[in-house]
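One structure is given here, and the rest of the page talks about it.
By written order: A, B, C, D and E. Residues from 1 in each chain.
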Amino acid sequence: MPTVSASFWMVLPVVLPLAGGLLCFLWRQRSLWLPLAFALVNLIVVIRLTRLLLIQGPLHYQIGGWETPLGIVLVLDGPALLMLLLTALCGAGVTCYARGYFAYRISAQKQPGRHERQERFFWPLWLMLLAALNGLFLSGDIFNIYVTLELLSISAVALAALSGKPVAQLASFRYLLASLLGSLSYLLGIFFIYRSHGVLDLGLLRAVVEPGSSMTAGLVLMSCGLLLKSAAFPLHFWLPPAHANALAPVSAILSGLVIKGSLYLLFRFWFDTFASLISPAALNVIGMLGILAVFWGGILALLQQRLKLLVAYSTVSQVGYFLIAFPLAYHDATLSVWTAFLFMILAHGCAKVAMFMAAGTMYLHSGHDRMRDLHGIRLVMPLTVFAYGMAGVNLMGLPPSGGFVGKWLLLTGAFDDGQWWWSVAIMAGGLLAAAYVFRVMSPLFQAPVGASIFDGRPTPALLEWPPLVLSLIALLLGLFAPGIMALLTANGGAVISGGLP
Amino acid sequence: MMPSGLTLDMYLVILSLVAGVPLVLAASLSLPLSLSPRRILSPFFAWAPLPALLTVWLVPPDVVVEAPWFFMGGRMGLDSSGRVFLTLSAVVWLLAGFSASGQGLLGFLRPRFSAFYLTAMAGNFGLILAQELLGFYLFFALMSFAVYGLVIYDRHPGSRRAGRLYLVMVMLGEIAIFLALLLMSGEVVDLDGLAQSGWQNSLFLLMLFVGFGIKIGALPFHRWMIRVYREIPLPAAVALAGAMVNAGLLGWLRFLPLGQVAIPAAGLVLVTVGGLAALYGVVLGLRETRPAGILAGSSISQLGLMTIIFGVGISSPLAGGEALPVLLFFVVHHGLAKASLFLGLDALTRGRFCSFWWLVLFFIPALVLAGLPLSSGLAAKGALKGLLSALMPSWAGLAPFFLGLSSAATTLLMVHLLVRVREEVMAGRTPGQERRENLFPWPWISGVGLVIFAPWLWSVARSELLYSLALPGIIHGSWPILLGAFSYPVFARLRREQSPTRRQGRFWSELGPSCLTLLAVVRAWTDGLFRRVRRQWWTILRLAAQQLPGRERIFERWLTVGIAYTALCLLLLAVLGGA
Amino acid sequence: MTVLFAYKLGGLCLFFMGFTALILRSHPLKKIMAVNVMAAGVFLLFIAMACHGRVGVAIDPVPQAMVLTGIVVSVSVTALALVLACRIQETSGGAGSSEGEHPPQGDS
Amino acid sequence: MNSLSLTLFDCVVLVTLLGLAWQLLATPDLFKAMVLFMSFGLVMALAWVRLAAPDVALAEAALGAGLTGPLFLSALHRLRGTRKGERRQQLDSIEHRGKIEKVTQRTSGRIIYLLLRILFAGLLLTLLVHLATILLHVEYENPGLGVFVAEQQEESGVISPVTAVLLNFRGYDTLLEIMVLFVAVVAVWSLATVRFSEKSGQVSPIQQGVVRILAPLMILVAVSLIWQGTHLAGGAFQGGAVLAAAGVLMMVSELPWLRLIPSLPVRLMLVFGPLVFLGLGVSCLADGRFLEYPGELAGFLILLIELACGLSIGLTLACLFVGGRPVDDLVDRGQLEEGS
Amino acid sequence: MNGSGWLLVLIMLSSFVPGIIIFGLPEDRVRLRTTLNLCGSLIKIGLIVVLNVGIYLGYSYEIRLPLVAGMEVYLHADPLSALFTTLSSVLWLLTTIYAVGYLEDSPNRSHFFGYFSLCVTVTIGIALAGNLITFILFYEMLTLSTYPLIVHRGTPQSLRAGRNYLVYTLGGGALFFLAAAWLQVLTGPMDFGSDGFASHLVVEHGPLLSLLFVLLIAGVGVKAALVPLHGWLPQAMIAPAPVSALLHAVAVVKAGAFGIVRIVLDVYGLENMIVLGLLPLLTFVATLTILWGSFRALQQDDLKRRLAFSTISQISYIGLGISLADHRLALIGGLVHLVHQGIMKITLFFCAGNLAETLGVHRISEMRGIARRMPWTMGAFTVGALGMIGLPPTAGFVSKWFLGLGALSASNWVVVAVLMLSSLLNAAYFLPILITAWFDRPVGPWPDEKNFGRFETRLMLLCPPLLTAAVVLLIGVLAEAQISPLAWVRFIVEGYLP
């Protein structure tokens, strides 16, 4: 048992952004320091936690000092920490970017008040969302997860509606309803689980779970809720409009981080907590959904005319990848598919955040995001376009990106099990990703025709560097693999705290 | 006469200079015009064969210099037959060079001609010195391709056509030689086993025949020679006819050393082809009107005779030993004579030297070629006759008749030549041809001198020459000449009656375009196919592109969401229930 | 059939009635109400579960606490949804949940 | 009373619940639906009482019926107030209708639509039946966590087990839940500015008088509810809801000074409760874990938190009802074009 | 004996770091950029010389970075990789010089040179890759770093070419990736140089391994422009000349061919290849490609297009040599052509670029008498073209010679015939260019003539092709010298066929 003094760090990723959110709402200084300070401190805390994890192995923290059946436990293991790390990194990036974004818009002298208002509400909402995400990853209690999910959804919906455009509001209303449906389904699932074993703690649940209809029903309802929240294929309807019509930093947050919360939970439930309930057939069903998502999302992304919609549909497609990991994780003894899943999540998170930020910068400059008319923008903002390209490399799963490592692990997993047919979908999805990424890149590389149609103002560093750094992190993630593996298997343990069946 | 005490390295330097000097001189032409080396070196162009002559003098026959770093392991040296070839080539190139520089073709003002000329020279010398096959091949190619530049030097459409034909033939020859080289180096064939039947052996011999036969205008590949001789500037023709064509024979010698191989079947084929060429060449020459073309026919014919010698030589090792000197002698004889003829032609057509005596001087080498008694011609024919009767008993009876016929035909051809030259020279006097040079044609004179006197230097030839002094020798030597000379009026009449308009080489000239047409058709068809397939794909894709985003609306309906959601729940319940 | 089971069944029915309405009703307010009904159904299930076999005697306070939390959450969400619906109506004059409305514009 | 048999009361409650729900979801009249919804909430509260969950019942009464109903009403009011809203109040979205009609113009489209609905109904029923059979057949006698709660009740510092769970055992949940409320306010503020109806002053003075008397009373009730939360049914949420109700009452009565409340104090109050909760939780880190109240101080601290949160929750709910940020909030530059 | 693996890293950094710096440089810092580029490439060449000497003396250089289970980045230098690194780095230097001259006054040079350096870094990575994963790593990065170069001009045509390039190469990369993953599962992690996987696998998974071989070859075959995967290459000639040089000689096509070599020799291993009977398949594809490329080249009027088809044909000589790899001489021929083709083709592309840049001449029909205007350029072009035909004493002859010998020792007469036919076809599409350039009279003014003063074109454009042309001659003439590509290839082959 780790010492109390060290493990109190575990609550900080939740507590700090919460406090930050409250304070930002209270003091609406137009300065950056408050949110940025919180985002950075969050990053530092997570780094500190990384060290703790490496030294001490998986950590448990009983909130209020209550023992598990009753109290709530925070669990910090490899996957959770990686998710925290992703959130903290992207969070810091988004914070910087958002500052630049709002400053740029406010200085544009077009409805400055409106942009100021957006910025002021953005910060508390964003910090709350950060807290919710951190709480979600750390939580070891299914009901607590429900609360964090709700916090996450509400702040996400509010952020999505922040732009004030009717379409965005419409989209976020649908987002809200979908998210509520998911939450209620999840809650119903909790009911079935609680009534069969009377525990809410994930660790205890894992110990007592045995196949039974009530348990199964609970798991199914929770999973369906989470699938809805993660925009898995037939239930993805809410995602593209919500993500595409939000403000750029918000799109980045929604696509890069929020989706990951529910996906992570899904994976965790299926392979950790309720692993003994899972049947191969169910995994194949999920995998099939994944394949459909990969193709449907990819093809629709390819057919979009607008950049942000394209990126949003690409998220639909990428979610499919995470689902394909399910059937491949089942038989895997070396845990490599767990690793694959996390790698892909990390890579996609950073890449998608970078991509949306880059798209947002282009939008800022050109006033639209019709791909046809973006030619020559490369000359105006080379770094941004570069960042977009590097993020795209990640989606394609080309080396040395994290997406590549993830894909490689998936593939080897598929062949290991003799389930080679998944590999076809994996590769085809990669090619589709390449197609839609380069569909954007191609006009960007086109030489400009006629006079520059872009806003002549220079791109501020805050708009250029965060996407670049994040996309480079995603790109080089493959090379950080040893470190990530070390985290996953910290203290010689299995990949996750409890290990797989 | 060999100065001894030279080290191997010095030999290396000397041997390298033989091909190196012309190459360096050629390279100096690429310097800018303003640079002095180019001007300074220019007078030395004609002297470029000098190192070759020096080598003949300095390098003993047993010296073989290794240069392993050079192009797959070079070996250079001067064996006995090489010495003959080198001497002949050096002399011919020297004469040609002086002739060319005399009329201003060779010099820095004519960089293109000079460059190709010198390069061809380097190739010619180099191939003689090379003691291994790859080196030989290298210089052979160098020479062959350089000649192309000389052929189309004046850029007339005619010379272009000739050049194209020449290039095609050269390319074919190169490939044939390359394959032969491969077969030999790859040890698919070896000299000892060549006599056995086997398709690899046949292929090897065929490739040799094609590869070098092209160079000497052997029968099916003779066409280029006439066209090229007609178009090439005359000084270059001197070198080509006198020295360069011999490279084909040398090639045969190098690949199939006489005295070491015995391939009777191949010998028979060569003798037959050579015999046909000896006669058909004359026919070709008679059809020509331009002197250079007539000389080409003569070359084909004479080289046919040499083919016969070589064919006899490879019939058996014994014959090889005897045929080699004859062959060498024939080469020298023909080379000098042909070179002198071209020199004379050059001088006559260019200069004012059109008096009777000059024509007589011009006719001397022609008659030598025809086998005039006391000349190398008769000696060569005599040696050939001896060879044939000794080694091919079945031919023994036929040989004198055949040789006589050949000689007569050559005479006829030479008379035709003389007539044509005279007409041409007369025609040349008409106004319009302004540039007439007044240089004394001493390269020609010395060439003729060599033709007359050189055979006496050679012990092999001397006995034959002395034999031709005797009465039977004179009779033997003269009747064909007289026959040939007297048959000229008949020929002239026949010729007058026959329209000279012919179209030859139609097949070859049409082949290229028709191939291209065929390719174009194939290409159009394949392109069309691709385009059609592509267009259909695009149509399908475009339709999909129009349809699919609309289909997305299905998923946006709440009803769909409901159905999907409940269905998913039920599905998962079903599949998880089985766990 | 026990009382508790009846309540639970009722809760389940409420949930699915709400679900049906969420899917089939298109007016935003109706959708929000539907969600509330769904939530009520789930809460009913929880509270019925807390009784553990005897009506009127709550053994387990944890589900109650959960339901309390749930109620608060659902109130906040309802409030947000309502304001959102009103804003949509005000800014666009369109209905909040129109089907298949693909937003044609980008962000602002 | 045979506790395990289906009593008439339960029957009535259940049937009423389901009937109300059916009605409120089925009726095309929105206003009727509102009324039905409020009554639904009240019947729910009855059910909670019947199921021995007084805390929930109180919360339901205060929040579910007491606040959600007015929320819906005010939303309906706002919707009606807009230009096109009038015609729509009794109908589903016209636009939607139009679309459906477009689809259903063709017979095939209509049939498909019908089939899809049938499919949906079938799937739904199957799912319902499946889940119901699970409920029926697999009835665990599972004590849940009640035993543990009972065991450790003393250490929690409060008497009411529900409050113990809410604020001590699972205080972390509650903390986050309060944050959910807070975020909801932020979200609502970010969306809209408060609008007072133009008919101000038309409220009768009697109503205003009543409100003046009623409001302090309600505040008293609220405080007592919060206080009571430590040992009986009640607590911060219920108290807060009553507080909010008082606020709502005042707002409905168009008290003039309400419009003038500046943004900053409201924000302060909104943040106050959550911040206190969070701050106390963090201060526990000094010699324990997060939210681990020192044994002897637990009761006091919980009361403190309840009070602070109750206040903030009350204000929060009131703000939610108002449905927008105060007029002076961010009025500086952006306000002018907001209307456009 | 072990040398430090950091040498390999340094070699890669020597172009990577300048590349990154160049990305950040403003457009007008021409001198600094050029200095950086040249310094980088000189340092690289120096390091590679050290590497070569070390390898020759028997040192081994390797560095490993394990990523996840069964996946590690492994750089190592064997004689084969040294061959490729040397080729790439030397040609890079020349191409850089050329590009500096070529792109004078054109926009976006920082981008161009940045990607250029990346491209070379990645190519070196391919050369030094010590296992299949590392190979894929760099192989895919090559695709990405070349794309911006191909579309550098930003015209619709170049964008289309770029799109096509991506369609082909990414598709091929996907196949390669798939097959590599599968192979890894079958055989376990495997380093190059271990003579292929264990032979018992051949018995167990014979058909599957054959299928994987086909997939792998298809993957690298796209870059190596094997028919029918060659479609991108002729289109990509729309790119600026230095890029074409890079594509055809230094990096892309070479990487594909190199990949074939690696797959056959190091991944599968000769013995397994023979047991599986896969070599004839490769022979077939290679011969088909040689002939098809030549035929198509005949029909082109656009100079660079013709050169591109010629590349398709020529690069398959390498594959052909590898496909007869059980015969030492063929293997030598194939490997040495890797170098020879690069130098010859880069000469040709440099010259084509000179013509385009100086006179605006793009089509062969416009080239009448062009040698009078630009004799040096055309001289270099001639040398390159003759080399392509395989005439002695050029480098092309040497490779053709060994290929022919190898084919004979394999008794593969079809290959012999194809070699002969291909030489003929090569002559048929190169000689007319030479003839028209040297011996035709120019008609009319050149399409877009620029005057560069004293020399026929910019000195920086002129020197590289002259140099490479000289090298084409030199490495042919001095083929059997101690230090020549041929000698090094013999050294390589010692390792595979002792």
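Things to note:
Please note the rule applied: contacts are C-beta pairs under 8 Å (C-beta built on N, C-alpha and C of every residue); 3 or more make two chains touch, one makes a residue touch a chain.
Chain labels with UniProt names: A = Oxidoreductase; C = Cation:proton antiporter subunit C; E = Monovalent cation/H+ antiporter subunit D family protein.
All values reported here derive from a predicted model rather than from experimental measurement.
Touch-path distance (fewest steps) from chain D to chain E is 2. Chains that touch both chain C and chain E are the following: A, B. More C-beta pairs touch across the C-D interface than across any other pair of chains.
Centroid distances from chain C, each centroid being the mean of CA atoms, peak for B.
In terms of Cα centroid distance from the overall Cα mean, chain E ranks first.
Most remote chain with respect to chain A (Oxidoreductase), judged by CA-atom centres, is B. Centre-to-centre spacing of chain C and chain D amounts to 11 Å, using the average Cα coordinate of each chain. Averaged Cα coordinates give chain B a centre that lies 105 Å from the centre of chain D. Centres computed as Cα averages put chain A (Oxidoreductase) at a distance of 77 Å from chain B.
With centres taken as mean Cα positions, chain C sits 26 Å from chain A (Oxidoreductase). The set of chain C residues that touch two or more partner chains comprises 19-20, 22-24, 26, 49, 60, 62-63, 66, 69, 73, 76-77, 80, 84-85, 87, 94, 96-102.
Chain contacts: chain B has residues 549, 552, 556-557, 559-562, 569, 573 touching two or more partner chains.
Counting partner chains per residue, chain E shows two or more touched chains at no residue at all. All chain pairs in contact, by the document's touch criterion: A-B, A-C, A-D, A-E, B-C, B-D, B-E, C-D. Contact residues on chain A (Oxidoreductase) toward chain E in their complex (touch as defined above): 334, 336, 339, 343, 375-376, 379, 382, 389, 393, 396, 398-400, 404-405, 407-409, 411-412, 414-416, 420, 423-424, 427-428, 430-431, 434, 438, 441-443, 445-448, 478-479, 481-482, 485. In the complex of the two chains, the chain D residues touching chain C come out as 1, 3-7, 10-11, 14, 17-18, 21-22, 24-26, 30, 33, 37, 40, 44, 47-48, 50-53, 55-56, 59-60, 63-64, 67-68, 71-72, 74-76, 78-79, 82-85, 88, 92-96, 99, 117, 120-121, 124, 127-128, 131-132, 135-136, 139, 141-146, 149, 161-162, 164-166, 169-170, 173-174, 177, 180-181, 183-184, 187-188, 191-192, 235, 237, 317, 320-321, 323-324. Put simply, chain A (Oxidoreductase) touches chain B in their complex at residues 178, 181, 185, 211, 213, 216-217, 219-221, 223-224, 227-228, 234-237, 277-279, 281-282, 284-285, 289, 299-300, 303-304.
By the touch rule above, chain B contacts chain D in their complex via residues 559-560, 562-563, 566-567, 569-570, 573. Those residues of chain E that touch chain B in the shared complex are 295-296, 298-299, 329, 375-376, 379, 386, 390-393, 397-398, 400-401, 404-405, 408-409, 416, 420, 423-424, 427, 431, 435, 438-441, 476-482.
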